[in-house]
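Structures are listed in the sections that come next.
Below, chain A partners chain B and then partners chain C, in two separate complexes.
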Partner chain A sequence: MNKLKQSNETIQDLDIMIAIPSVVIAIGFLYMPRVLAEPTIGLDAIYTILLGGVITILLTWLGVSLAIHFPGQSFVTYASKLVSKPIAVALALLFALHGILITCFEVRAIAEISHLYLFNRTPIEVIGLAFLLVVIYAVAGSRVAIFRLNALFFPVILVAIFILAVFSLGFTDATNAYPFFQTDLNGYSFATLRSISTIGGFGVFGYVLFYVSLIRSPKKTPKMAMYGVILVILLHLIIFTMTLLVFGNITTSNLMFPVIELARAIELPGGFFNRFDSLFFVVWTMAIFNTTVMTYDLAVIVFQSVFKNAKKEKLVFLLAPIIFFISGLPKNTYELDYSGRMLSYFGITLATGVTLLLFVLHKVRGVK
Partner chain B sequence: MRKYLEILSSLFVIVFLSGCWDSEEIENRAFIRGSSIDLAEQTTKDNPQLTLTQQLIVPAAIGTATTGGGEQPAFRNLALSGESLMHINNEISKRANRTLYAHHLEVLLFSEDVVKQPDLFEKLLDLFTREQQNRRSVLVAVTKEKASSLLDIEPEHIKVPSQYISELLDNKKSAEVSPPLRLGDLHEKLFANVSFVIPYLAIVDDKSIENSGVAVFNTNERAVIGTLDGPLTMGRNFMTGDMEAGNMRISIQDAKANIMIANVQSSLKLTNKDKNNLTFEIDVNISGVISETNSKINPHTHLDLYAKGLEKEVKKLVDKTITKAQTDLKTDIFKFNIYLYGHHYKLWESLKDEWDTGANYFANSKINVTVNANIEMSGNTQFTTQKEKGS
Partner chain C sequence: MKRYARSQNKKKNATTPKHNASFQIKIGTNLDENVDSVKKMLDEPDDLIVRELSIGTDHQKAAIVYIKGMVDHKLVQDNILKTILEKEPEADIDLSDYFYQEIIAISDIKKVKTLDDVSLAILSGSTALYIDQTDTVLLMGTAGGEHRAIEEPQSERLIRGPRAGFIENIGTNVSLIRQDIKDPNLRFKTHEIGRRSKQKLVVSYIDGIVNPDLVQEINRRLQSIDTEYAVGSGEVEHWIQDSFLSPFPQLGDTERPDRAVDALLKGKVVILVDGTPFVLIAPMTLVETLHSLEDNSQRWIVGTSLRLLRFLSAFIAIFLPSVYIALISFHPEMLPAKLLFSIAASREGVPFPAFIEAMLMAITFEILHEAGVRLPKIIGATIGIVGGLVIGESAVSAGIVSPFLVIITALTAIASFATPQYSMAISFRLIRFTFMIAAATLGLYGIILVYIMINIHLVNLKSFGVPYSTPFGPLLLKDWKEMIIRAPIMMLTKRPSYLKTMDKTKRDPSNE
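Then we have the complex of A and B:
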């Protein structure tokens, strides 16, 4: 029985490819065109998306190719060999903290946006709680099931983004594409940093260090992870370009959620689909659900590997009230925005730092 | 004990699962189809007072295709005056027996008096772009008369005036109108600090409204500073290429003719980049079909003659439009601002603050228009019935 259960808890290379875009695409994507349009002129942020994307691919590739040297070993196990156990545990706990905080951020943000556009009277806390309860349900179950959910939802999200892009074609204005290459160096570097932040999903690309150990025979994993990031980059390019072509640079940098506005701008003939944004909200809630479940689960993974005797359900249920409490802390949307930014800096630094540190140590020491 | 607790707690969950905190029956909603904004009579110089009129749909009177509605009007106009739109809106909701619901707002009308007040226009627009209920696709127009009086015009075939107005604004068959202006586009232009034109509506009689000409918004004055009549708007549309169809009356050797314009393409180039001697070259390519002629010359074999006539007529109109824009309005209505921003960014940055104000580089620039016309065919018939003997 036990053996059967063990063998079921594995995923394929392909699952990583789907999991990366699933976990990266969330709230940040909805306002991504704004933060990228702000420091740049015209469509110039496209180049920074490409540059930031290449950097993210590189970092993810480093992380995955390090982790596949230790198949079946948890992060704490193999990191202990490289940096001694206490430091490995400390790093893992930092990742857990990041996972918890991202979960809080996403729960609060989806509640905030639903409150804004859908439920004017339902209190934010209630929306957040309802969402969190579903997330807890998913996390408390099997880990492989989460990857299956990713694979189930991701095509729907892809289709929604595709429809969004195709139907906004009719509202584009070619003059919005000009001028080219007018951004100064400062603007470019700022936008590149923000591109890494949004393509790296606030640093969640570092989670591959933990999830690769679930793959039974990691052979093509680095390649698959790379494809996953490329998918993310493509989606960013498509939506950024469409939003800019529809609204223009200056307006985009003034819209709170340009992608939601894009969905609201679309009007299709015929009654039901005339209001595309209602469908878009449903799909986006699924996207954020995927992210939240993965980040929550990461925190659980870390605690499982630190406290080996604890039962998974107990860890999940212990974390839940903490997450709900923290998600209620920001006083308003500005504070939420600010905490998101801080979280992104923290995540990018953590993921980049740990990936590079472990990769270099592995090369130098050659631990098997 | 534990079992009872489980049952109790699952019963408690039902409260959350029902998800009807925000439920609102559709019967209890009052859909706003159109809104208009006028200056109220109590307006003083420093303290503009506004009148907001909301056109609500009365579903019972619309009826379905088979049953038809009743005799009563299918709309209800609620109007109130006050200082801020949101405030007025709240006051209006006191008088509506249902919840006001703006998701289906289609047209937004401003009377000329309102938009001529500096800064007022954009202050009013803020509500419409900030509030989540409103969509960026709402059509905006300026009205010659009181905007609320347009919401009373009830044509025979359409039961709701705002529907009539929104269809009117979307109609692209005339060349003498501005392309429909969506709230989102308007918002973009205000942000980009460029001058632009707004559709202009006028009441013809108590059953119809005419969409003709445009109101001209100057970005430095932050207000509408004048209007262009229908023909001049057509002249502008030739230059910008904002035209899908239209008619042009031309003269040829011995008679008058009418050309139906099928396609207009214009290209704009800046040939002299010196700030004080800016020269724009515009190529306008027109293709059309003869729709009416009373000439005695065979039109089929003399298409060139008609093309020449059309070129001459268009050139005359365009020159008149340029003169009006440069000397009278002193405002860039030709979208040069957007072109300069896109293609000559550095130059634009250096002159945008005095583009159509102060030193007014726009009014002092030279605009050369070349018109090329091509008549594709002479129509279904050749000669008119009054053809010359022997020709």
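Then we have the complex of A and C:
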């Protein structure tokens, strides 16, 4: 392989910075104001966003600064040196399971939401299948290309959030912010946990363990990853504040997808597009797509490093029917919601546990 | 695929030795036999001129052979025939050496000894001088023949810029580039393609700027070409491109020497093919197909605005009809009430769903466009009038399509012509139909899914190792000021970084 190709075929530091918000922001972001407003009063959840954000930054930083010690090695390879090989493989497989389940969740959720907001005659399975097929096409391509896709779509998502925030300014009501500091401790701790869950994107922040070690020459990776998480926190703060100021705490905690409702509430000047929510959701498809591709790809990475001889395409195509099958399992939106919550607890426990375990072991044993 | 390539290789290996043997015939010493063998090989065509002469006082026999129409007649008359006949060489000298060194006033002259070389040279416009009793033939480069004068390029017009365009003659094209870059590092490497056509193909680059890996890769791919005759540069492009399944052109093509020169200075490689005014530029990225040299001649604010306008029109050309279909058939609530009413009123009486209606118009337009391109200019105007009437007036008054859709079709058509690179504009027109079908099946959701798919294709596609989606992904913000906007000329101090050039800066290093 020549130099021109090689330099374009590796992941750079900047890619990680874009990939973190791309993979974190998805379905969870759309109902984030609801889950945070439920246990809190007024605008109090912004403190928990900050607190949860700091914890997520810390965990991400631990993960990244561990992984950059092993450039060019797969997770299984370097984790085998820290814990024994069987445990490393088991941990990796747990991550793969998480990746697959998140993929299923996103596929099902996007089908449900499209059904709700875009068209109600088309069957949910068709919408989900169409989306999954596009995801498979992306995962079957090269891994670096997925990072390029993130870079391609993320600016569009940022613009969509920016427009949403700016145009909802006119509908805000300052009285919705009161009262301050009325939440009890129980509510705060509950909201902090949920903040970690949404800012950590159901535990996907643990995926840095797998992707950062793919960087050949990591230099500023921990810093870049931190910027990525900070960006996520900022977006959460902006949208949460706006949603709450427009709807108030009670309404927000009773809306199914408060962010889409916010998009429905605002009006674009000139009135060319009557319903911004449909347009917003269409753009949001890209955000969900980015997440789904990364989680799918993570499962493929794990299986690739466990089964060394398997071809990538085969793994991708084998996983596809399984994912489609699992995504059809929840009977209704309530079950889907519940499975999302369980998935997020599983993800956070897994990511936090593995990151801390490997980091401590690396410090103690000092493996190079 | 691999198996196919292997079998192709086997075939090639099997045929080459035989191929060589049949052409490596040595030239004898008998003049008549030699001339006969050339005649026989070409089957005595009418335009093969054999002029027999006798030289000097001892009447040494000789003959010059050339093909009428391929040579510069004046050159053959004045510089070869006349000079040979006027001279009276002394006896007992090697005539071929004598002519070679002293007599013939043509700079491009060489001695050869095989029939293969002679016949090939004659077919490319050289004149051969046979002398009796010698087995050496003198080949004189007299290639001439008719070719077009340098004109303004038809396919890429600029308001402000040079009027010269490439022509079909590769020698002239090379000199057009040389006239613009007087750098000793400017390289022209010649290849020969076409097993029967023996076309010249020149790879041009500037040593010291270009990435050597790129040149090596291009040369490697050019050697893999196995064709009888390359129809213009398009066929060369298809042989060396990265993906044959992609709807996008992976090499740039241009008729403009200034555009070729600009590409060379950026660190790209330009490929010139004999017999076509279109040269190829490699590598190419998606956004560069939307660039025009006009951006550089205008002031930067104007240049940037025009470029952004072109990006917008590319989006309109691709999306507009499909968005119309999606909005009318799936999401009418997204349109403001007033607009919705006026569209509904204009669609009253139209018997088809929006998709059929839009398809009808789009296909009609494509047929009109195709017919207009092929026809002579005079009839072309007629097509314009007929088409305008069909699209504009009659279809509406007959109630087949709505006037609103006429506006959409017209706007889409105009927007697709704003793409400077024709090969890209066709791709856009083609992709538009995919979007229309997607919009008809899944509405806006279908459009976004197809859009994502095209993006997946773009990030996986490469042009000679360079990702086609540069500089969006990989995100190269420093290239944006040259590729997305056109920043003031003082700020463009660096060559595009994605090309990984040897010489990174455009400025004189001593000034820094």
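Here are a few things to note about the model shown:
Here is the rule we use: the second predicted complex is superposed on the first by the 357 of 368 C-alpha atoms of A that agree within 3 Å, B and C clash if a C-alpha of one lies under 4 Å from a C-alpha of the other, contacts with A are read in each partner's own complex, and residues count from 1 in each chain.
Throughout what follows, a residue touches a chain if its C-beta (ideal position, glycine included) is under 8 Å from a C-beta of that chain, and two chains touch if they have at least 3 such contacts.
These figures come from a predicted structure and were not determined experimentally.
In the superposition on chain A, A:Ile124 makes contact with neither chain B nor chain C.
Of the two partner chains, chain B is the only one touched by A:Glu261; chain C is not. Of the two partner chains placed by the overlay, neither chain B nor chain C lies in contact with A:Ala165. In the overlay built on the shared chain, the residue A:Leu97 is in contact with neither chain B nor chain C. Of the two partner chains, neither chain B nor chain C is touched by A:Val54. Of the two partner chains placed around the shared chain by superposition, neither chain B nor chain C is touched by A:Ile230. When the shared chain is aligned, chain B comes close enough to touch A:Thr175, but chain C does not.
When the two complexes are overlaid on their common chain A, residue A:Leu149 makes contact with chain C while staying clear of chain B.
In the superposed model, A:Ile238 makes contact with neither chain B nor chain C. When the two complexes are superposed, the chain touching more residues of chain A, out of chain B and chain C, is C. In the superposition on chain A, the residues of chain A contacting both chain B and chain C are 118-119, 122, 130, 275. Those residues of chain B whose C-beta lies close enough to touch chain A in the complex are 16, 19, 21-22, 103, 132, 135-137, 184, 187-188, 191-192, 335, 338-339, 341-343, 345-346.
By the touch criterion given at the top, residues 2-5, 7-8, 12, 14-15, 18, 114, 118-119, 122, 127, 130-131, 134, 137-138, 141-142, 145-153, 271-275, 278-279, 282-283, 285-286, 289 of chain A touch chain C in their complex.
Considering their complex, residues 41-42, 116-122, 126, 129-130, 133, 175, 177-179, 182, 247-248, 250-251, 254, 261, 264-265, 267, 275 of chain A touch chain B.
Of all residues in chain C, those touching chain A in their complex are 211, 213-214, 216-217, 330-331, 333-337, 339, 442-449, 452-453, 455-456, 458-460, 462, 464-467, 469, 472-475, 498, 500.
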